[in-house]
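Each of the next two complexes has chain A plus one more chain, namely chain B in the first and chain C in the second.
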Partner chain A sequence: MKKEQYSIEPFLDLSAILTGFERVDLLGTGMVDIYYDEVVNVVGKATSRELWETTAQIIERSGKDGRKFETAIRREILASAKFGPIARNIIQMWYTGIWNELPQSWRDLYGTSPDDTTRIISSEAYQQGLVWEVIEAHPPAAKQPGFASWSYRPSGDKH
Partner chain B sequence: MTIIKPLIIANRHRLVREGRPRIPEAARIKTLPSLRRHLQTAIELEHSTIPPYLCALYSIEEGDNLPSSEIIQSVVVEEMLHMILASNVLNAIGGQPSINHPRFIPEYPTFLPHSDKSFEVGLQKFSKPTIDTFLRIELPAKPKAPPEANRYHTIGQFYEAIEDGLIRLSEEKNIFTGDRARQITTEYYYGGGGGVIPVHDLDSALKALSEIVGQGEGVYHTIFDGDHKLFGEKIEYAHYFRFNEIHEERYYTKRDTPKSGPTGKRLPVNWDGVYDMRPNPKMKDYPKGTELRKKIYDFNRIYVSLLDDLHRAFNGEPKQLLNAVVRMYDVKYQAIELMKIPVNEEGMTAGPSFEYVPPKG
Partner chain C sequence: MAEKIYDAVIVGAGVAGAIVAKTLTQAGYRVLLLEAGLQAGLAFAEAKAYENYQSYMDTFYNALAKVPNAPYPNLQDAPSPNVLDLSPIQGTTPDTTGYFVQKGPLPFGSDYARTPGGTTLHWLGTCLRMLPNDFRLKTVYGQGVDWPISYEELKPYYEMAEREIGVSADVEDQIYPNTGKDFFGKGYVYPMRKIPQSYLDQKFIKGVRGMKVGVKGDEYELYVISTPQGRNSIPNDRYNLVGPVWDKATQRLVMKHSDDAHYNPVGAIWDPYTGQRCEGNANCVPICPVQAKYNALKTLKNARRDRLDIVTQAVASKVEIDPTTGRVTAITYKKYQDPDSPEYTTETARGTIFVLAAHSVENAKILLASGVANSSNQVGRNLMDHMVFLTWGLMPERVYPYRGPGSTSNIPVFRDGEFRERHAAFIMPIDNWGFGWPANAPYSDLSAAVNRMNLFGKQLRRHLNDTVARQLLLHFECEQLPQPENRVMLDPRYMDQLGNFRPVIQYNVSDYTRAAMAAAKNISDQIFARVGIEDYSEYNPTDADYLIYDGVGYTFWGAGHLVGTHRMGFARSDSVVSREQRTWDHENLFLVGCGNMPTIGTSNPTLTMAALSFWAAENIIRELQ
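Entry: the complex of A and B
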């Protein structure tokens, strides 16, 4: 892990709870550093640091209590006017590889970055979208699954 | 085509029948059960090279080192073909290939099955030392090297001992009594050099074996693999020489010989465009109950189900090979995911461990 351990760790933990995927699965996409940079770049260093710090505090407070962790994430991050839209963007980014322009109300309050535009982050991001894993399909035109694979039923055991 | 095929086989016959080089009496394969055991070993031998080749291949970062990726990939696909060919020969002489038993996958690093133990093969990322090992695996036999049924120095010597056994035993009686329905036929193989050869007599058996040895080491000690004669394909170099192109970072030309080495245009290799996979990964490297351990376990489960598919395909259900192809893609994508997961401060990553894990329940 090349980035400052302190920031990447809470980002990864936050991503795991928000997406419902394990940390290793997110690491396995190779997108952690890229998505981390994306968030920092768009919402700015100060706001993103605040988000990682809030996440780190929640983790420390809830210890190994998964329920407590989830409730705190809902209350303090998803329901927060400042962090909620970022968190929802993080979910969409992991699932679809797309960064969505933040809501105007958020931009009015917390500032606008020229990079805050709706776009596919990269071809890699498109291919690594978690949505493909969940629906047990492959991203069209990438990660081909082999001839006649479409004739098999999805196993239904993936998330 | 019909002129050249028997020619190659005739030469191989002569090589053995004239007794030059002679197989020492003690090293000969003398019974049908022994011949079957050797062919089972041949299947295991062909398989044992696949996980190391796959590790090197999947450690290459996406989009980097395209020429090297293509070379390694083409070799892996042919090793799979060799497994099929060896299974066809074994099935033809009434044997039953065993692909999914717990000891089928070697524990890496390992010596090659039945080899003279002069070098070990491990699961390593793409690097120059790794390619060195691959070169030793595919090393051509010296022209006068005697065939050996045990402790062979090259894979070619091992196969020559099997050929000798096939010829001697079929002189005594018809050994090709296997059910033809157990043969894998041409429609099941795609995407690689060479082709599937269904085996039902001595000629087709020797043709299958010469295809294996020719692709690996080259025919008659040239750099060519013989496919352009047997199958009318574009000229393709034998595995040893394809790996040597990566090693020397240069392509061969048609005029090159084993001695001249490659003299063609540069083959660009980026030795750094690689995930730094920790060598010879094992499940036990990570505590039970951790996410990473489970992820490596999941990989192994898929790999073992792939072997299950192959086992069924080689034991009377050839259509299972199509299942196996789909499963191979799963193996690939899961292996690549593991390659991206950092495991220590130095930035080394996890990797596929290729360990046998029994089905759940």
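Entry: the complex of A and C
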């Protein structure tokens, strides 16, 4: 299914600023479309569209780099009762491949979906978890670095 | 097939059963192996074996709680215990949540896997020998009991076990307290060179070098050694042993020296070139993706298949005895087609010799259910495990955990010493996987950073890299003594759906072991202070295995080392098997597995148990001659 360019772009930009990874890193995981679908499916078309629109407006106003952008994301998305929990879930989804059930207070206000359960999205999602790269390791049981690699610093030097 | 009379009928395709099956078939005997787990788990043809193992991998990837049994099927017809079922026991009401019926007062915190290959599918693979004094604890320290077998006697069988499992270590590194120069035979080397110690180990070693710790007025100098492990490394070109083979002249199993013997690492069961080296998947528990780590399927694959019949989905439930001779005539088992359905057919297996190798708890269960081998009233009693006491904190600099095998080094200083008169011995492994075990890191760190600290983006990355990459976990495995009240029992109110008993477990920890935890915490505090480690250890009354000693609370975890439930001894009055590993009560019934071990010492038990399984096989061959 071909995604509307309009929606995928803000999702990717939002994911990049939230996770601290570059767009190209996120694209490299092969998970962009899957995670996009996950969000839309769980929070619904209307709410997700609003989130992409808000993101796009922020970018239009403040560009994609720098303090201004970060501040706007924090104030208008992370601090928003509606978008905050979704944004925090987006971070954790990228980092671990897990979708976490949204907080009950959010569900009460904005609706529940049968797919809003805590679960690993797929084998691939687990293996593409970014937290492992953040701590300079690798997902246990995947992307193994090879014999004796653990006896060196991740950068490869001994000391 | 069942009516055929075999030389030996073995129950259980774990490491104990596999070693006996391999040894007997290679000596030419016809063996029937009964296994409770699914047929698919015993596929040896490449495509099928691969497909089945990948199904375990896929289940693992998709499991939220990646506990030891997460990858493997939990069968209604042959259930397994699961650490997720653990919680503190309330009052005197048994906790029946999981497969174990937990009577307490403390819940028994270890599991095992009832699946072909058994618990070695999710073991870590640490392969230390026991120390000479472990075999004479009563004589030397007045504690527990002595073994009817000495370290010296078991030594050649350790060599067999180290070859079978494929242990990687350098003899020169292996320095333990109170052992002489001849601990290893002259010129002995392990099949493969040591597994490289982690970067984290090296930083830790630097931090404690030359350090003396004080315990109750005594001083001990700490030193760190690499840990022998059952995972593939670089073959040692000085290794020159082959075998074991049955030697008719001496009536023994022997290893032969041969100058052109080469040790070839044993790879995955689906492809010998996969898993030739540990690749650093950092996932040995619960599943090694490439089978660089030993599991019992490797041994079974090398049994003589033309001599071996295997019946899977066959749950042994009763040992049948001829009341006049006391000999075992058959083993009755329940054969199921669908593991979720309570339907089964009852079948019998006949043979000359019978061997129970179904794991220490299941062996005890089968014996108790059959009312056999129990004239000593010791079956099911003396259940032991290592109390795993953990301490964790942040190192002053990044040490990059979550890489490599679970543990590559240990401090052996407290494995033996006069203090054993007063409190339990313990080994101190240094773990490589951060706060994963006690605190579900790095997931918990991420959740706290995002949801409580409100971090995101580059700041979040920096924070996690700064903290998680500094996580250090120390690990103290404390010895537990045999106590008759720590036991596996049966109760007809608690059955599984095939009508087999569920294990009812009564369990506690004595002050002798509690005192070791207190000593361990004290040592940990001194190490943390010396190295500059910020302590994050935390023990709460809500933890499943929380206990108090001298007014201080400690939490321990199960080690998976289930020992003692059908112990060997000097006399039929206080033990279930003799030093031959034969039941005192039934001359053609042998038991193998950690249940035979009279004490647990401070080594993870499987290597010793594997050595004893060769020892048992030798006695069985002698009997069959």
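Quick note on the criterion: the second predicted complex is superposed on the first by the 150 of 159 C-alpha atoms of A that agree within 3 Å, B and C clash if a C-alpha of one lies under 4 Å from a C-alpha of the other, contacts with A are read in each partner's own complex, and residues count from 1 in each chain.
Here, contacts are C-beta pairs under 8 Å (C-beta built on N, C-alpha and C of every residue); 3 or more make two chains touch, one makes a residue touch a chain.
The shown structure was predicted, so the numbers you read here are calculated from the model rather than taken from an experiment.
J.: Put chain B and chain C onto chain A via the superposition and say whether they clash or fit.
T.: fit
J.: Now for A:T71: first (chain B), second (chain C), both, or neither, which partner does it touch?
T.: Once the two structures are laid over each other on A, A:T71 reaches no partner at all.
J.: After superposition on the shared chain, which partner residues are touched by A:I120: those of chain B (first), chain C (second), both, or neither?
T.: Second partner only.
J.: If we overlay the two complexes on their shared chain A, which of chain B and chain C does A:G28 touch? Say first, second, both or neither.
T.: So A:G28 only meets chain B here.
J.: Who does A:T112 touch here: chain B (first), chain C (second), both, or neither?
T.: In the superposed model, A:T112 contacts neither chain B nor chain C.
J.: Identify which of chain B and chain C touches the larger number of residues of chain A.
T.: On the superposition, C touches more of the residues of chain A.
J.: If you stack the two complexes on chain A, which partner ends up touching A:P145: first (chain B), second (chain C), both, or neither?
T.: In the superposition, A:P145 contacts both chain B and chain C.
J.: Rounding to a multiple of 10°, what is the angle at chain A's Cα centre between the Cα centres of chain B and chain C in the superposition?
T.: 70
J.: With both complexes overlaid on chain A, does A:Q57 touch chain B (first), chain C (second), both or neither?
T.: Neither chain B nor chain C is touched by A:Q57.
J.: Where does A:W132 make contact in the superposed view: on chain B (first), on chain C (second), on both, or on neither?
T.: After superposition on chain A, A:W132 lies in contact with chain C alone.
J.: Superposed on chain A, how close does chain B come to chain C by Cα atoms? Whole Å, please.
T.: So the smallest C-alpha to C-alpha spacing between these two chains is 6 Å.
J.: From the superposed pair, tell me which chain A residues show up as contacts to chain B and also as contacts to chain C.
T.: On chain A, the overlap between the chain B and chain C contacts is residues 144-149, 152.
J.: Of all residues in chain A, which touch chain B in the complex?
T.: By the definition above, chain A touches chain B via 1-2, 22-25, 27-30, 124, 143-149, 152.
J.: Contact residues on chain B for chain A in the complex?
T.: Contact set of chain B toward chain A: 62, 190, 291-292, 294-295, 322, 325-326, 328-330, 333, 336-338, 340-342, 347.
J.: How about chain A: which of its residues touch chain C in the complex?
T.: 17-21, 70, 73-74, 78, 87-88, 91-92, 95-96, 98, 118-120, 122-123, 126-127, 131-132, 134-138, 140-142, 144-154
J.: Looking at the complex, which residues from chain C come into contact with chain A?
T.: It comes out as residues 57-58, 60-64, 66, 196-199, 202, 233, 277-283, 287, 289-290, 398, 400-405, 408, 432-433, 442-443, 446-447, 450-451, 454, 456-461, 464-465, 468-469.
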